[in-house]
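Both of the next two complexes hold chain A, though its partner changes from chain B to chain C.
And now, the complex of A and B:
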């Protein structure tokens, strides 16, 4: 692939060994979202201002502490992209007037969960993309309103049990396709990542960092608390999300979607589902064959579509 | 300086232009839209060095306003009614960041039912937010208050956003002669924005809007905002004095009109106070000792100045162009709180609700309100709050209801 020629991240050993993000945050043990944030931060660097919406990560900056070396602005659940707009515009105004120097400039990074990114913040996101805003949107997708106790969000997968979908069938809706929604706006870049594929993640953050305009990174973020699994399983569950094809790793650029890691032999989705308490009702007291088959069929259809396009 | 016949909206736009606003996040809403259109026109014509961005909502507009102010530029924005309510989360969020900017609100009644015409329920919904509030009665005052608002908001002792209010239609679309000062004159009064330590840029990291854990820490920051807002009272006096020196126009926190020797005074905010002034003149001609007391500054609340202005009066006609359902007039309740238990305060505060959704308050009604209040003073009993409405208005309403009923019957048939 031509990108690989320009990336500095080809192997695990190429990844930054420094850790920019401070420790001691109040995130849960095994938080997949925090993993993604810290891996991304190592590459984005400290010349950043994180613009945050309400969610678990809001608790990263609790007065008087912050794990960031750079800046932070909390806005509201609906409008982090508008906050990014205000910061970016104000930086540009001051750069143009010489009130700040180019080396004082900041990369503006929106950091929100899926509830904000797929739902409440979608209108302000669309507006920012439409303005061609020069920013990176980093969404840690834990597939629910985790901070308020993992209620169903627009990113909750079909069949999952959440605090507001407690019935035998789990969540009746389907995960919204945020990647496609962004791509339809023709932004500079969209990518899916997961912290358990750190080289792929690093390459995509590196690429986003070097582009201008609206850029989205969606990080599937296994969440021990909300998904109900032991914190030590985070990495395994993340790997299975990719291996089963449930979380396709891909990127959009110049009108084209490319899959960056196609699982050679997809493991059955059950391997991913059965390790998480939120899907336990699909296996016990008896197997819910209908829903399991539906989920598997959804994944198979997706990849069949991908293969058709790549042929 | 030039003198021109301009609308209240144009006066607000001139205020932003003369203040050297660098950034205007915008969203249209009647009757405010002319402000952002005027600014956009100047920017496009190269007459104003400013960036205007239309966001997709007032919530985003106010988020961007606060974020840009936190990044170190001078920000102006404007809205009205539903827009103000739509952005309310950020109206309450912005003051705590202590990054000042100026927001003009063109008052318009809020739904339901829907109306385009003014009253003060929209702006009073921001009452407890931490925004400073300046209320205007003339187009000149709109321009001048915008300049004063920047000085006040940006003062080191204050550092809070400020809202300048003007009434839709009565001011927004009414042309009055306005002195438009030259930018060079304004620059003497209002130097460039100093963002102090609140400014995002590489090298000096800042965290804004962070969480605190624990009520005592939270209280500390909330008290700080409150104390800053209170300090804005003395700062306002200084700024208004400087403004008068520079431009020759005087804007006390509380305007008094023929109230010195008055027995009964009107108490109200906004453009309808000019109607009250007319009524005062007529009543004075008829030999009645009547005056007007009008707070320009509603936040911070100029309690001391109000007590001075009202001491020794027999009665106050409090006219609320707003309605707190199940309670009554907001200004009335606040004024009672400021006067209660203080020596020499008027024994009667009579409450009247009027001017909702742009409903006029007729001269006769002003006379009648004085009559009711005078009688209450004589009897020593405060009358129950009155909702201004005439028999004729009720007749007209009944006619519409009859039409509505007839239409419904026809539909059913």
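And now, the complex of A and C:
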């Protein structure tokens, strides 16, 4: 099944104990996206330049404050990979002209939300992969346009209430399978992660860091404000996303998809849904059995498919 | 003109409260301005909202500097100078504080000569905004009970019948509870444009373009921002119970606010901890306890 990669991150205690990302950011208390960014940054290291499309994380670097140790570039929502192309080209020219030494080179990391990654920025990402751009794309997926008040995005799950889907059935669409779309381009690496599984996240960032070419990572990021739950539950809710099988942890490399953490006994999806205000209408005033069953069936079908392939 | 300022934290419903009060004035035939004011900060950060209401068209703009009524949803903001709760408060200003402490205690603590009322703290803090709005509607004395009810229904219609009726009950109960003080808040003087304070100018020297550009030349400058002010509950570590598994609490703190000492003990950075309490929920030894940020305890 899984090739045992050489990693320095085998247990929680192998994780870095000092933090690169500065304190004092304007993100909400308990922000799952910020949690993923701090964990990824600890592994990526200081020699990273971030290219950030409009979204909550844009507010990280508001002049004269930045939590990053190095450079950060802001782009329009659809164009972060194009911005990354420019930064990569500039670094390559500087290297070729001997103006910077190879050890001064930087890792170019696109940081965007799901609205940009799954929607507005998909075309420029597709081009960047096609051009073989040497970059990492880190999408923090909070399943909506959080920065503007949690309107639905192409990453919003079926049935969720958002600012633009307030009816009794919630969001009528289905979460787009961005992992599959990215993997279909055959880039160097694609992975899903979640900050509540920090060792899995660290290994995947470590692996991406040591590869070349387009490397893309989606981090499901529980958002207390947009998903409507108490900030202290961020980690618990993230864990339930994995336990219920709603957020499969996997990676794509050399044409193959591997699941890195298969929940041994999947908990019912309700355990995940009922703790979030955005799904409250599926339980009250009466249970919406049809939508609940539909969500469960979708998850069961996914994992049945995975088992079939692995057999 | 009535000038009313609401102070609270992001997520406590101050924007909605100001809208309800604004709509109630409007239904009563007033010209109204209502607006929330906040920066890039999110949930937990101090914010304010304001309402102006007058019988004539309102020409005044911007923040309210001479309030007739100041409403405080979160009493932990009072001792915090950065929140600016007492800005422009004079003896003719009424202060309405959502607090479980007595008005006399606050009057002494804040050394306030004017009128100070409290609305006892709600068991469910998210109702504070609507309850305070109900009280405010009675304090100004020109809003009928029916106008308040209609305004609440109008502004909260999207929240579903259950939430709406719970909020409505809170607003009306607070309205009724303020009967003894009905009409005690009066309209302030109309102000002329010339009376407005001039903005503070900062003269900037003309720099070369590359030096004058909005570039930041140091790393992690965000540490200058004291997000510890957002906190209402403070996580406190009991080191006698702590098992030094920093990879739990420090790793799961979204805000990098738990440092790890040379002896592998976690240390909370209270200048920046936002009080999300993830560390409390995750600590396997239950070594972290949340305690209220009371006005006496300074970060």
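Just so it is clear, the second predicted complex is superposed on the first by the 306 of 311 C-alpha atoms of A that agree within 3 Å, B and C clash if a C-alpha of one lies under 4 Å from a C-alpha of the other, contacts with A are read in each partner's own complex, and residues count from 1 in each chain.
Keep this in mind: contacts are C-beta pairs under 8 Å (C-beta built on N, C-alpha and C of every residue); 3 or more make two chains touch, one makes a residue touch a chain.
Fair warning: this is a prediction, and the values are worked out from it, not measured in the lab.
S.K.: In the superposed model built on chain A, check whether chain B and chain C fit or clash.
M.R.: They fit side by side.
S.K.: Applying the document's definition of touch, where does A:23 land relative to chain B and chain C: first, second, both, or neither?
M.R.: A:23: touches chain C, not chain B.
S.K.: Where does A:233 make contact in the superposed view: on chain B (first), on chain C (second), on both, or on neither?
M.R.: Second partner only, chain C.
S.K.: Quick one: is A:287 in contact with chain B, with chain C, with both, or with neither? Answer first, second, both or neither.
M.R.: Neither partner.
S.K.: According to the stated criteria, A:59 is in contact with first (chain B), second (chain C), both, or neither; which is it?
M.R.: Both partners, chain B and chain C.
S.K.: Is A:69 touching anything from chain B or chain C once the two structures are fitted on A? First, second, both or neither.
M.R.: Both partners, chain B and chain C.
S.K.: Based on the superposed arrangement, let me know which partner A:12 touches: chain B (first), chain C (second), both, or neither?
M.R.: The second partner, chain C, only.
S.K.: Have a look at where A:174 lands relative to chain B and chain C in the superposition and call it first, second, both or neither.
M.R.: neither
S.K.: State the minimum pairwise Cα distance, in Å, between chain B and chain C in the overlaid complexes.
M.R.: Result, nearest C-alpha distance in the overlay: 5 Å.
S.K.: Where on chain A do the contacts with chain B and the contacts with chain C coincide?
M.R.: 46, 59, 61-63, 66, 68-70
S.K.: Which chain A residues qualify as touching chain B in the complex?
M.R.: 46-47, 49, 51, 58-59, 61-63, 66, 68-76, 78-87, 89-94, 99-100, 103-106, 123-124, 126-127, 131
S.K.: Hey, which residues of chain C end up touching chain A in the complex?
M.R.: Result: residues 10-11, 39-45, 158, 162, 214, 216, 219-227, 230-231, 245-248, 250-252, 254-257, 259-260, 264, 269, 271-272, 274-278, 280-282 of chain C touch chain A.
S.K.: For the complex, which residues does chain B have touching chain A?
M.R.: 22-23, 25, 51, 53, 55-57, 59-61, 63-73, 75, 89-90, 93, 200-203, 205-213, 217
S.K.: Quick check: in the complex, which residue numbers of chain A touch chain C?
M.R.: 12-13, 15, 17-19, 21-32, 34-35, 38-39, 46, 59-70, 166, 195-196, 198, 224-225, 231-236, 284-285
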